[in-house]
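Paired with subunit B in one complex and with subunit C in the other, subunit A is shared by the two complexes that follow.
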Partner chain A sequence: MSWLTDPVGEFTDLTRAEQGVTLFVVAFAAFLFIGLLSGGLGPSYFLFLVGLASMYALLSLGLNSQWGFTGLINFSVAAFFGIGAYGTVLLSASSSPVREALLDAGVPGVLLNPVVGLVVAIVVAGLIAVAIGIPTLRLRADYLAIASLGLAEVIRLIVLNQQDWTNGSAGVRGIPSFFVGWPVLSDFPSAMPEVVVDLVPGGSVTLSPPLIDWGLTFGQDIVLGTPFWRALLNVSLVLVFLGASYGVLRRVHRSPWGRVLRTIRADEDLARALGKDTYSFKMQSFVLGSLVMALAGVFYAHLNLYVSPGDLDPITTFYVWVAVILGGSGSNRGALFGGFVVVAIREGTRFFSDLGSIIFDVGSTEVVISLGIEGGPMRLLLIGVIIVVLMRFRPEGLLPPQRELIWPGTVDEVPEGPDVGVRDARGGTDE
Partner chain B sequence: MSEGATSMRERHEGADMEKEDVVLRVDDLQKRFGGLVATDHASFAVERGTITGLIGPNGAGKSTIFNLISGFYEPDGGRVEVNGIDVTGREPYEIADAGLIRTFQTPRKLEGMTVREAMLVGPRKQPGESFVKLFTDPEGVAAAESANLAEAQRILEEFEIDHLATQPATDISGGQMKLVELARAMLADPEILLLDEPVAGVNPTLRNDLAEQIRRLNEQGTTFCIIEHDMEFVMKLADPVVVLNQGNVLMEGPPDAVQTDERVIDAYLGGDA
Partner chain C sequence: MPLLEYLANGLIFSSIIVLGSIGLSLVYSIADFANFAHGDTMTIGAYTALLTFGAIGSLGGAVLGLPFGFFVALLAGIAVAALVAVVTERVVYKPMDVGSIGMLITSIGIAFIYRAILQLRFGADFTRYDVQTLRPIEWLIPYGIRITEHDVAIVLSAAILVTGLHLLLQYTDLGRKMRAMADNPELARVSGIRTDRVKLWTWVIGAGLAGAGGVFLGLYNQLSPRMGFSLLLLIFAAVILGGIGSVYGAMLGGFLIGMINQLMPILTDYGIPIGIEYANAVAFVIMVAVLLVRPNGIMGEAT
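Up next is the complex of A and B:
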């Protein structure tokens, strides 16, 4: 816990990229904290955002363990996400045709709970990953990309059209909380008392700094009711998923297993010549990533409580790719960070419709600066600009792998790894 | 086969197949790419403990033969045996398991790794390469990793490049990459090592280093089979030398005999005129 005793020393030990990201995270957390205190950001909505960000972080971790570790190009992130989401809701949601059929067939309803749904979703995602991997992973990398692109559409169209299983475009409603039927946790949100946080006793303080009227009012009572506790429970769930996935991926990334994957990414022929069964390693990497993506889907279903074929749109895949490339391919921390940033952009731009015009209060006259752009287009514009700027100035991503990856405990001093990311170096080779 | 080639073929005496302790035997190997016959019934054998040179003019099919032996290409016909095991048409990793490791003509770069990380890819059958064992037997993985790391350090020292251990693997010179590649191949503990142009593009000093290292490793028991264009290098190091021409073995013999053989000179000078 040297971060507690010597934060300055720890900070100076970091690489520049790590310092930058740390500062950014701290500043952003402070910004959100102010938002919470001022009442501009409701606590339940805040937790919803944290859940969403963690979900994207999970998806990014999954893709990173395919693309970042092994160099597998998977364009069916949304499909595995959808398999996870539909896998659990088809078993547990009250409006699910599959659940009804199973109940009619005499399967006891107790068995059809979200935990079993989770297991089923994971198993199905794994089987589909193996099925798509068998024909494509022996071929050149491009074939997996093409096949996965097709897979994503096939899964989406099946979900959309197989109405007697999935309700088609109507989607699935009546999704229970993930913890339904659990002792204590099942009733936790409604059993918790309503807590009122009164920051400034007896009133509120309005900040009116000069020039710009931010409209911040501090000290309004913050009410923490059932929705808050429910959201808190959801966030705890996704943080457990995220923590477990991150722990596993971090461990395997710096193992000899991960080293073979990184060798495959850099040069598959070299790995083959050194006696590695690259097909098997690629399959393991692909399935592992797909499972993590399905996990994100399971969580999403119980967060959003409504799942429809629209959730399988390719845009999700696109966002996750942006997150991984932004964070730095091959870096688990980068994937986490990228996932959070993408959600910050996705959700942050919702406020741009309000901020479409900023009103500056200069003396008696009001200066209106209009951006003339709505939230939706703004989001796409911003993401596009970020990708272009990133590729131009930092193609290896914000937080590429910073250090040597050797199984912990086997080396005393760990030197800093090359600051050059994989893509950058790859640009220099003749292939 | 055209008539010219046939008359040429009559002058091919082939390789010496009557060796005692053979590590690698290539028998009647064939490969075509469309209309091009790259390997045309090539046969030769590599005796244990030798440094066998494989030379031939450009387009003689040297690299193709290496790719066929190491499993990167599937042969159209013929047979490859490593240590008496038939490995024809097997996957490269299975052939590596039989004891044959190869290197590549252009040094392969491992981006994002340090030299010692890149070295650690070498050892075969590491327990840490099993996903399950990472969680069921972390101590075993750590022990094997420590042992491999010590071994990597030892080999780097033997190659006198241990000062590069924590350098990024992509930031070292081409010659050093060749040394690292050779050192890494040794970590895989091969019985026979196929080197594809080990000194192409390497400066004379490092070239001598490489020659010395190869000789030292050979004395310690590793068998080598080397493709090389640098005649001086091959003739100093290899015995015997197998000469390939037009996908077929022209002759085999000690370096002196090969250098003075008229057929070899003809082949290098461009044909059967």
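Up next is the complex of A and C:
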């Protein structure tokens, strides 16, 4: 825990990009914290955002294990996300045609719960990943991109048009909480007492800087009711998913198996010359990543409580791609960071379009910044600009993989050379 | 006799796909990356024509139910689509050094930027050109074919453009250089061809044809900022079917994909339960199947 004992030393040991990202994260967290305290950001909505961001982080982890480690250009992220979401929902939601058919066929309703749905979704996603992988993984990299995008569209069209299975464009509602039927957690949100957080006893404090007629009021009572506890439960669930996936992926990528994947990415012919069955390795990596994406879909269904074919739109795929490229291909912590930034973009642009216009009252003159723009195109523009600027100026991403690809023991044995930067000597990027 | 009607519709739709796929194939072979912004280049052409036509009006007479002003707007659409593509190439693609995969990802960003700007200006809703909606041509109705003069105009204009491209490729200096470059860029360069200039012309021709395709797509259906991106995968399917890098392959692939797309109702007529809503899905499955069996496409060279 050297961050606790010597934060300054640790900070100066980081690369400049890492320092920038750290400062950004700290500033953003502080901004959100102020929002929470001043009551501008409801605690339940804040937790919803954390859940959404963790979900994107999960999707990015999945894609990162395909693209970042093995070099597979998978443009069917949205399809696996959708398979995960629909997989659990069709079994457990009250308005699902599949559930009704199963109940009519005599399957006991107890079995049709979200946990079974999770297992079914994961199995189906794995099977479809194999089915998509068989024709596409032998292809050249750019053909794989086009073919996977095409097959993802096929899946979206099936979900949209097979109304007798999926309710079609109307989507599926009546989705239960993930923990329905669990001993304690099922009733946890409604059983918890309503907690009132009163930071400043008996009133509130307004901080207003001199000169500017603008102030922040702190200390209104924050009420933590049932929605808050439900959101807290959701966030804990996704954090468990995220932690488990992160741990598993980190472990396997450091294993000999992971080294083969990185060799394939760097030079597939080399891997083949070393006697590796690259097709089989690519398939394993593809399936593994797809399972993680399906897991994100399962969580999304129980977070949003509504699933529709619109969730399988290709734009979801490209959001995740932005997260991975922004974070740094091949870097798991980069993928986590990217996931959070993408949600900031998604929800931030929505916030701006709701805002309409901001009026600054600076002394006697009034500055009006009109933001009366629709959120949709702005979001698209921002995503596009980020992709282009990143690819043009920093194709390796903000947090390119550094030490995380090698065992810590190996790193420590590298002597610190006087001429070479420590980080370079310690196995900097080889990409 | 619905078959004739399906074939006629297929011919019209494939004219549009062919215009899109030629450009995509040209850029794929000469700039060496899959340009995901190609569909949105078509959208740019369509909206430029909308603006131009709205500004200049009909300009008197009309051919095939289309006022002269519309043909001026068509030229404007072609010119602006080409200009935007060339500027993008100079500003974004040319200074980049990220390999063909990096370029592919960049082009997705470019596609989003084009679409977002159009959406900011025109909104996300569907619009139409301000031309009169026509009744189907009378003397064809007894044969079961219901097409308008506009559809004839689309097919004829596409045929003229494609013939023009064929003449350009076969009988002009530029065409020979382009073919040489598509074949082997290094060899073309050593032989003294100014590859940069040829590349520029490739972008102009490819994006110009895409712009024309976009204008016709707007006339055939409606205009919306998503129109090009929605068509992009079909165009990719056509290019892959025909063989990447082969212009004539792209023409054939575009024709086949357009036909298959419009012939889908036959399946239900013969009792195969795959509805027209799966027309695109069938095209994508064919694309993947072609990639598996013959990755170089119908007209591509075997490697």
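In this text, the second predicted complex is superposed on the first by the 393 of 431 C-alpha atoms of A that agree within 3 Å, B and C clash if a C-alpha of one lies under 4 Å from a C-alpha of the other, contacts with A are read in each partner's own complex, and residues count from 1 in each chain.
Just so it is clear, contacts are C-beta pairs under 8 Å (C-beta built on N, C-alpha and C of every residue); 3 or more make two chains touch, one makes a residue touch a chain.
Note that the structure is a prediction, hence the values are computed from the model and not measured.
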First, second, both or neither for A:G243, with subunit B first and subunit C second: neither
Partner chain(s) touched by A:M391 [first = subunit B, second = subunit C, both, neither]: second
Partner chain(s) touched by A:G330 [first = subunit B, second = subunit C, both, neither]: first
Which of subunit B and subunit C A:T263 touches, first, second, both or neither: first
Residues on subunit A lying within both footprints (that of subunit B and that of subunit C): none
Touch list for subunit A against partner subunit C, complex: 73, 135-136, 138-143, 145-147, 149-151, 153-154, 157-158, 160-161, 318, 321, 325, 373-374, 376-378, 380-381, 383-388, 391-392, 395
List of subunit A residues in touch with subunit B within their complex: 251-252, 255-257, 259-260, 262-263, 266-267, 269-278, 284, 288, 330, 400-401, 404-411, 415, 417-418, 420-422, 425-426, 429
Subunit A partner contacts - residues on subunit B that touch it in the complex: 70-72, 91-93, 96-97, 101-104, 108-114, 116-117, 120-122, 124, 126-131, 134-135, 141-142, 144-146, 149, 166, 168, 170-171, 184-185, 188
Residue numbers on subunit C that touch subunit A, as the complex places them: 33-34, 92, 95-96, 98, 100-102, 104-106, 108-113, 115-117, 119-120, 123-124, 233, 236-237, 240, 275, 277-278, 280-281, 284-285, 287-289, 291-292, 295
